[in-house]
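Dropping the structure in here first, questions after.
Per-chain numbering from 1; labels A, B, C, D and E assigned in written order.
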Amino acid sequence: MVIDQLFWLFFMTFILLLIEGFYCVTVTYNLFRILIGLEVLIKAVTLFVIAAGYLSGHLALAQSIVITIIVIEVVVVVVAAGIILGFFREFDSLNVKNARRMKG
Amino acid sequence: MMNKEALLLAAIFAPIFGALILPLLGRVSQGLRNNTALALVALSCLCSLSFIPSVMGGKNIIFSFALPLSLSLTFYADTLAVFMAVVSSFIGAIIVLYSFDYISHYDNQNEYYLMVVLFLGAMMGLVYSANLIYLFLFWEITAIACWRLIGFYRGQRDVLKADKAFLVTVFGALVMLIGFVAIFQQTGTFNLIIMRGQVLPDIIVALILFGILSKSATLPFQTWLPDAGVAPSPVTALLHAAVLVKIGVYVFARLFLMTFMISSSWHATVMMIAGASALVAAGAALVETDIKRLVAYSTISQIGFIFLGLAAGNMVGAVGGLLYILMHGLAKGGLFLCAGIIEQNAKTKDITRMGGLIRTMPVTAMAFLFCAFSVMGIPPLGGFFSKFMVISGGIKSGEIWLTLVFIVGAFMTILYLFRAFTLIFLGESKGYPSREGSKMMVACVALLAILSLAGGLLANYPIGFLKTAGYQMVGLLK
Amino acid sequence: MMLLSVLLILLVLISLWAVMTPLLLRAAIGLAATSALLTMIMYQLGAPLAAVFELSVCAGLISVVFVSVVSLTHRLPLKEFMKRRQSRIKRFIFLPLLLVAALAIMLTIKLPFQLQLPAADKISDVRVMLWNIRRIDLFGQIMALLAGVYGVLILFRGRKTDGD
Amino acid sequence: MTYLLLFIPFAILILINLFPREKRTEPAFWLGLAVLVFQAGAVVASQFGYWGTILTSQLESVFGFNLQLYKMGHVLVMASALAGATALLVARATLKNKRDRFNFVGLLLVSLIGINGIAMVTDIFTLYIFIEVTALATFILIMLNREQAAFEGAFKYLIMSVVATVLMLAAVSLFILIGGGTSFLDVKMAVISDPLAYTALLLFLCGLFIKGGMVPFHGWLPDAYSSAPTAVSVWLAGIVTKASGIYALIRLMVIFGGLEPLQNIMLTVGAASIVIGALAALGQKELKRLLAYSSISQMGYIVIALGSGTVLGIFAALFHFFNHTLFKATLFANVAAVEEQTGTQEMEKLGGLAQKMPITGLTSAIASLSTAGLPPLSGFWSKLLIIIALWISGHYFFAAVAVLASVVTLAYFLLLQRQAFFGLVPAALKEVREAGPILLIPAVFLSLLIVVIGLVFPFMIQMVLR
Amino acid sequence: MILEFSFRFDQFSIFIASSIAIFTLLIGLYALIFMKGNRASGQFLVYFFLNCFFAIGAVLANNLILLLFFWESLLLTMFGMIMVGGRESYKTAIKAFIIIGITDLCMMVGIALTGQLAGTFTMSAISVSTAGLGGFAFIMLMIGALAKAGAMPFHTWIPDAASDAPLPFMALIPGALEKLIGIYFLTRVSLELFKIEPASWASLLLMIVGAVTIIFAVLMALIQKDFKKLLSYHAISQVGYMVLGIGTALPVGIIGGLFHMINNALYKSCLFLTGGAVEKEAGTTDLTKLGGLAWQMPVTFACFVVAALSISGVPPFNGFFSKELVYDGALERGWIFYAVAVAGSFFTAASFLKLGHAAFLGRSDTKSKEAPWPMLLPMVVIAAACIIFGVYNTLPIDRIIAPILGSHALEGHKFSGLPANMFLVLMTLIVLAGAVLNHLYGVKKSGKAIGAADHIHYAPVMHSLYDRAEKKIFDPYEIGMKLANVAARILYGIDRFVDWFYEVFTVRIVLLFTSLIKWAHSGNISTYVIWSLVGSIAVLVMAWR
C-alpha cells in the first residue's frame, strides 16, 4: 500500500512541476524566462525518473539514465543560452516579439 | 515472321523511349528530329495495322510479364484495342506531319516533339494494356504530356489554362484510381482478362465514370477543353479531336462493354449526362466567337453522341459509337488543322473579324466544308453512318426522348458549323491579306477531308471490323 | 517518508518562486536552489551518484551560464521595468491558483488502476550498469558534448570574424 | 556493420579536426563525402549479403553495444547517405565562409552518427539519446551563418524538442516503473499487460509526433526549414525530421501495429497533416516555406500508411519514406540553385527559369510530379501502395482523403512550376545562367534515381519483399 | 444487319426514276446554253448531273438507310448549285441547307424508329401501324417528305432561291425533281409502310397540310411582281394539291395526287424554262419592266400559254384532269377541302392571267429576239407532253399510275378518260370564268396589267397580313434561328456557370482555407507549444475512448 501512496506523491509533484514549467514557457514575454521554464521541466522529469527507479527497485538503471539526461540537457540549455545571446546581439532586447517574425 | 509480341511491344515502347532521344536529335538537325518523330508514330501505326488480320481471325495477341502484387505487366491486343490504336496513331501521324511547318517558327520545339510522340506512345500503351494500373499509368502520362503541350506558348494565361486542364483530369483520374483499387479489393486482381464478366457494384461504376467523364470533357468537367484552345493548333487537334478525349470513351468501352457487366440503370444515366453535355456544348458553340474554342465545344458535343452510342447497350449503338470515334477523329482533326491554317494566316482567332477567306484559301475552305459536313453527318461523308447508327442505337435502347435531345443537338451542330463557315469563309473580307497555308499543311487538311469522304463511301470495312469487336462485348444486353 | 514529502513540497514552492520573481537574477538563483533541493531528494531516495551529478552540473554549470547571460544582457530601463512588472503579475497570478486546483483534483481521485511492480533489478551497482550494459549511452553523451562544443564555437564567438 | 556505421563517422570527425587550420575545409569536405559514399556502399553491399559476419563479431565483444540493423534500418541509412551527400555538395556550392563550411561538415557527421544510431537502436532510451543528438547538431546547423531569422527558427525548434523530450522521458520513466527495463522487449511486455504503460507509449508517440512535425505539433517546422541556409534545409528536410520522428514511429508501429486505437491515431494525425500541410503550402509565397509544408504533407502520407496496420502498409510507408528523401533533396537542391542564381526565393520575383536553367527546371519538374504521385515516377508507386494498403484494411475514408489530397499537392507544385519555372522570363532575370556543376550533380543524380525507380519498381518488388 | 445495298424495280419507282432522267436530260440541255456565260457553269453542271444520280438512287433504293443515304446527298448538290448562283446567294444556300438538313435529321429519326418497330430496314417488308410510337415515326417521315417536296412549313427557301439560284436549278429541283421524290416517298410511307386508312388522323393531318399549302402559297403568288418569284410560289401551292390528293387515302384521291405530280412537273418546268428564256432575252424578270414579248418570242409565248392553261386547270390540258380527280377525292372527304382546292385554282388562274398579260401582251418597250433553239426544244417537248397527257389521259393513268395501287384498291372502276362527276367539271368552269372576270376587273381598276391583283393585295385585312408575310414574320426559318440563338445563349450561360464554379468558386473556397491556416500560424512559440499539449491530450483521449 505504501508504494501506491509514495508513487502518487511523486506523480503529484511531477504534474505540478510540469504545469509550472509549461505555464512559464507559454506566458512569459522574456526569452530568458522561457529557459527557466524549460529547466524546471527537465528537473521535473529527472525527479520522476529517479522516483520510478526507486519505486520499482531499478535504481541503478534510473541513475545511469538520469546522468545521461543531465549531460544532454545541459548541452541543450547551453545552446539555448547561446541562441538568446544571439537574439540579444541582434535586437538588443530579450522581448519575445522578436521571435515572432516568421508568420503564415 | 517477327512474332506478334515483339511487334506489340515495339508499337508501345518505340514512341515512348524514342521520344526521349528527340531533343538530342533536335540539337543535331531539325529535319532529322521531325522525321524521326514521324517515323516513330508511323511505326506504331504500322504495327497496329499488322495486327488487324490476326485479330479479325479471332487470335488476339497477348504479352504478359508476371509480377507480384498482381501488378503483372500485361498487354492485350483485341479488336477494340487495335481499332483505337490504328485510329489514334494514324491521325497522330498526320498531325505530326502537319506540325512540321506549323511549329517551325516557334521556340522550344524539341520539347514539343518530345511531348507529342510521348503522348502518342502513352496512348498506344493505354489502348493495349490489360492491367488497370498500367492503364492508369499511361492515362497519367498523357495528362503530363498534355500539360506541357497546352502550356507551349509559356504565356501567363496559357500556363494557367494548362494547369487547369492538368488538375481537372488528374482529379478525375484519381477518383477513378479509387475505383480501380475498389475493384482490386473485390476481385483480387487488376488483370482485365481474368476479370471478364464480373458484375460491378454501383459505387465502383460511379467512381470510374467520374474519371472517364473528366477525361472526355463531358458536362460537369467540360470547361478545361475549350480553355485548352490556347495551345498551338496541332496540339488542340491532337488533344481535342483525335486522341485525348477518345481515351475516356475508350476506357468506357473497355471497362463497361468489354469487361464488366453494369446494372442497366447506368445506361440511362450516362445517356442523360451525355445528352445534357451535347446540348450545352452545342449551345456554347453557337455563341462562341474564338475559332478554336468553338471547335472544342463542338468536340464536347460530339463526344456526347459517342457516349449515346456506347451507353445504348445494343450492338448497333456500340458499333456506331466506335465508328463515330473514327469518323469524328478524322473530321474534327481536319477542322482543327484548318483552324490552324486560318489562325496562322488571318493572324486572329476571332471569327467575327474574318471573312471572305474562300477566295484566298479555296482548298482550306473546301476541306473545312467537307469536314464540317462529316461532323454534321451528311451522307456521302463518313459522319452519316456513325450518326445514324448511334441514333438508331439510342432508339433501340428505348430512350426515345433522350435521343430527341440528341437530335436537337444535331440540329445545333448544323447551325453552329455553318455559322462558323459563313463568318470565316463567305461574306466580304475584312481587310486581312491572308494567303493559302503552306503546301504541307494544306495537304494534310485535304487528306483528312478526302479520308472523311472515303470513310463514307467505304464505310463497310470499318463497320465490318467493329462488328467483330461488337460480338466480343460482354456488357451488351443483346 | 515525512521528510520526503516536506522536501517535495519545498521543491514545488521554490520552483514557483523562481518562475515568478520579476528579477532575472533572482530567477537564476531560484533555479539553483531547486536543483539543490532535487539533489537532497535524490540522496534521500538512495541515488547518491545521480544526486552528486545533478548538484555539480545543474546547480553549478547551468547557474553559472544563466548568471553570465543575465549579466551580459543589460537590465530594462526602470519605467519599462515597472510597466512590464504589472503585466507579468496579471499574467502569472493564475499559476498558483492553477497549482492549487490541480493539487485538489489529484488529492481527490485515487490511482485508477492497480500498480504491479516488476521484480527488483539484479545489478545494484550504477557503475556496472552504466559501463557494461548501457555503454551506448556514454557514446551518446560524447556525441552530445561534441555537438555542444561546435555550438559554443559557433554561437559564442564574437561578431562574424572571418574564418581562416 | 552496425558499429562501423557509428565509428567511421566518429573517426573521420576527429581526423578532420587534426588538420591544420588553413588547409582543413577542402579535405573535410572530401572525407565527409567519403563517409557517406562508404555508408551507401555498405548498405548496397549488405543487400547482396557480402557483408561477412566476421567483421561484426570482434567488434561485438569489444564494445558490447546491443545494436541490431533490421531491413528497415537499411532504408534509413541509405536515405541519410543520399541526403547527406546532396547537403554536402549544396553546402560546398552555397556556403561562402570557409569556417562555416568546415563546421557544417563536422556537425553533419555528428547528426549522421545520431541518425545511424536511430537506425540501429534496440532500446527506447538509447533511441531518445540519438534523437537528442541529431536534434542538437541540427539546432546548431540551422544557425550556421548566424542570420537573424535562423535564430528564431532554431529557437522554436529547440523549445519544441525540449517539450518532446519531456514527454518522451516521462514515458521512459513509466516504462521503468512498470516494465523494469527500457529495451523494446520489456516495453512490449509492459504495454500489453499494464494500461499505465500503454499511456506511456502514447506519450512517447506524442513526443515523436512533435519531432516528426505532424500537424497539431508541426508549428516549428516551417520556420526552421525556411530560416536555415538551404544546404541545412536539404539535410533537415531530407532526413533529420523524418529519422528522428517518423522512423521511430515506424519502428514502434512494427511492434505495436496491431492495437486498434493506435491505428486510429495514426490515421487521423496522418490525414490531418496531409490536408493541412497541402492547403497551407498552396498559400505560400516563398519556395522553401512551400517545400516545408509539402514535407509535412508527405510525412502525413507515411504516417497514414502506418495507420493501415498491415505489412503492406509498413512496406508502403518505408518506400514513400525513401522516395520522399529523393524528391525533397532534389527540390531543395533546385531551390539552392535558384537562390544562388537569382538571389531571391520569393516566387513573385521568379519566372520562366526553365528557359535559362533547363537542367534545374527539368529536375524540379520530375521531383514535383513525383511528389504529386504521377505515374511514371516513383512517387506514384508508393502512393498507390499506400492507397491499396488503406483500402484493403478497410479504411475507405482515409484512403479517399489520401488520394484526393494529392490533387492539392499537384496544385501547389503546379503553382511552384508556374511561378518559377514554366512561365516567361521576367526582365530582371535576363542574365541568369545555369547553376554550377556542383549543384547540378546531386539534382540530376537524384531525379535520375526517381525515374529509374519509377520504371523499375514493379520488377524490384520481389527483391524487396523477400 | 445494318446496311445491305439492295435496290427494287417495281412499277412505281421505275416510273419516277425514268421521269427524273427525262427531266434532267431536257433541263440539262437547256442549262448548257443558259449557263454559258456564268464562270462556275462547269461546277454547276457537275452538281446538276450528280443530283440526278442521287435522286435515281434514292428512288430505286429498297433499304430505308440506303434511301436516306441518297436522299441526304441531294442536300450537298442542292447547296452547291445555289452557291454558284451569285455573290450573295450563299445566304439562301445555307437557309435551304439548314431547313432541309434539319428535316432530314427528323427523317433519320423516323427511319431509325420505323426500322426498330418493323425489325427490318427493307422497305418492301415493312408494315407498321400508326398507333403510338408508329404514329411518331410516321410524322417524322412525313416531315422529311414534305420538306423535300417543298410543302408549307418548310417552303420558305424556295422563293429566296428563285431570285438567287441559277434558273435551271429552279426549273429542275423545285420545279420537277423535288416534287417527284418528295411525293414518291410520301406515297411509299402512307400507302406501303403505314397503310393509313381514310378515317385515320394521319390522313386528316396530310389533308390539312395540303389545303393550307394550296391557299397560302397561291395568295402570296398573286401579289408577286417578279416572274420567277411568282412561279416559285406556284410550285409550292401545287404541292398542296398532291399532298391533299394522297392525304384523302381514297383511290381516286391518290390517283389524282400522283397524276397531278407528273403534270405539275411538266408544266412547272416548262413555265420556268419560259421564264429563263424571258430572263435571257429580255435581261430582267421584273414584270413592271417587261411587256409585249408575245410577238418577239412567239414560241416561248406559245409554250407559256399551254403551260399556264394546264396549271390553271383549263379542260383540255393535263392539269384539269388531275385536279378533277383531286377535287373528287377532296369532296368525298369533306367539302371544306374541296372549297379550298377550288379557291386555290381560282387564284392560280388569276395570277397566271396577270403574269401572261403583264409579261407577254401590252406594249413592248424592249427589243428582244427569240431564245436560241436548244432552249426552245425542251420547252416545246414539255408543252407537247402537257397536251398529250391532258387529252389522251388514259395512257398515264391506266398504264402507269393505276398498277401502283394494285388492282384490289381500285374497286374495279376506271379513272382515266373524262371525269365521272359532272358537277365538279361545272364548278371548275364557273371558277375559271370568275378568274377571267376578276382579271379584267383588276386591269380596268388599276389601269395596267401588273395591277390586276392589286385590289386583292390592298384589301383591308389582307393588306396587313401581306406586309407581315413580306417581312418574313411567319417564316419558320427566321423564327427557328431566333429560337436557336436564345436557346444557345441560355446553354452558354450554363457552360459559363460550370466554368465559374471551377475558376472562381472552388479556388476561393480553397484559398479561404489556406488563408485560415496561414493566419493560424501566428509565429509565436507559445501557440505552437499549446497546440502540441492540446494535441497530446487529444491523442490520449482518443486512445482511451
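The rule is short, and it goes like this: a contact is a pair of C-beta atoms (placed from the backbone, for glycine too) under 8 Å apart; a residue touches a chain by one contact, two chains touch by 3 or more.
Remember, predicted model here, so these are calculated numbers, not experimental data.
Considering the contact criterion stated above, the chains in touch with chain A and with chain D alike are C, E. Among the chains, the centre nearest to the mean of all shown protein C-alpha atoms is found for B.
When chain pairs are compared by their number of contacting C-beta pairs, A-C comes first.
Farthest chain from chain B (centres taken as the mean of C-alpha atoms): C. For this pair, chain C with chain E, the centres built from the Cα atoms lie 104 Å apart.
Remark: chain B and chain E have CA centroids separated by 39 Å (rounded to whole angstrom). Between the CA-based centres of chain D and chain E the separation comes to 79 Å, rounded to the whole angstrom. Distance from the chain A centre to the chain B centre is 66 Å, each centre being the mean of its Cα atoms.
Those residues of chain C in touch with two or more other chains are numbered 115, 117-119, 121, 137, 140-141, 144, 147-148, 151, 154-155.
With touch defined as above, residues shared between interfaces to two or more other chains in chain E number as follows: 518, 521, 523, 525, 529, 533. Residues of chain A that touch chain E in their complex: 22, 25-27, 34, 96, 99-104. Those residues of chain D that touch chain B in the complex are listed here as 352, 355, 369, 372, 374-376, 380, 384, 387-388, 391-392, 399-400, 403-404, 406-407, 410-411, 414-415, 418, 422-424, 458-459, 461-462, 465.
Of all residues in chain A, those touching chain D in their complex are 7, 14, 18, 21-22, 25, 31, 34, 38, 41-42, 44-45, 48-49, 51-53, 55-58, 61-62, 65, 68-69, 72-73, 75-76, 79-80, 83-84, 86-87, 90, 98-102, 104. Against chain C, in their complex, chain A makes its touches with residues 2-4, 6-13, 15-17, 19-20, 23-24, 27-30, 32-33, 35-37, 39-40, 43, 46-47, 50-51, 53-68, 70-72, 74-75, 77-79, 81-86, 88, 94. Looking at the complex, you find that chain C touches chain D at residues 113, 115-119, 121, 132, 135-137, 139-141, 143-144, 146-148, 150-151, 153-155, 160, 162-164.
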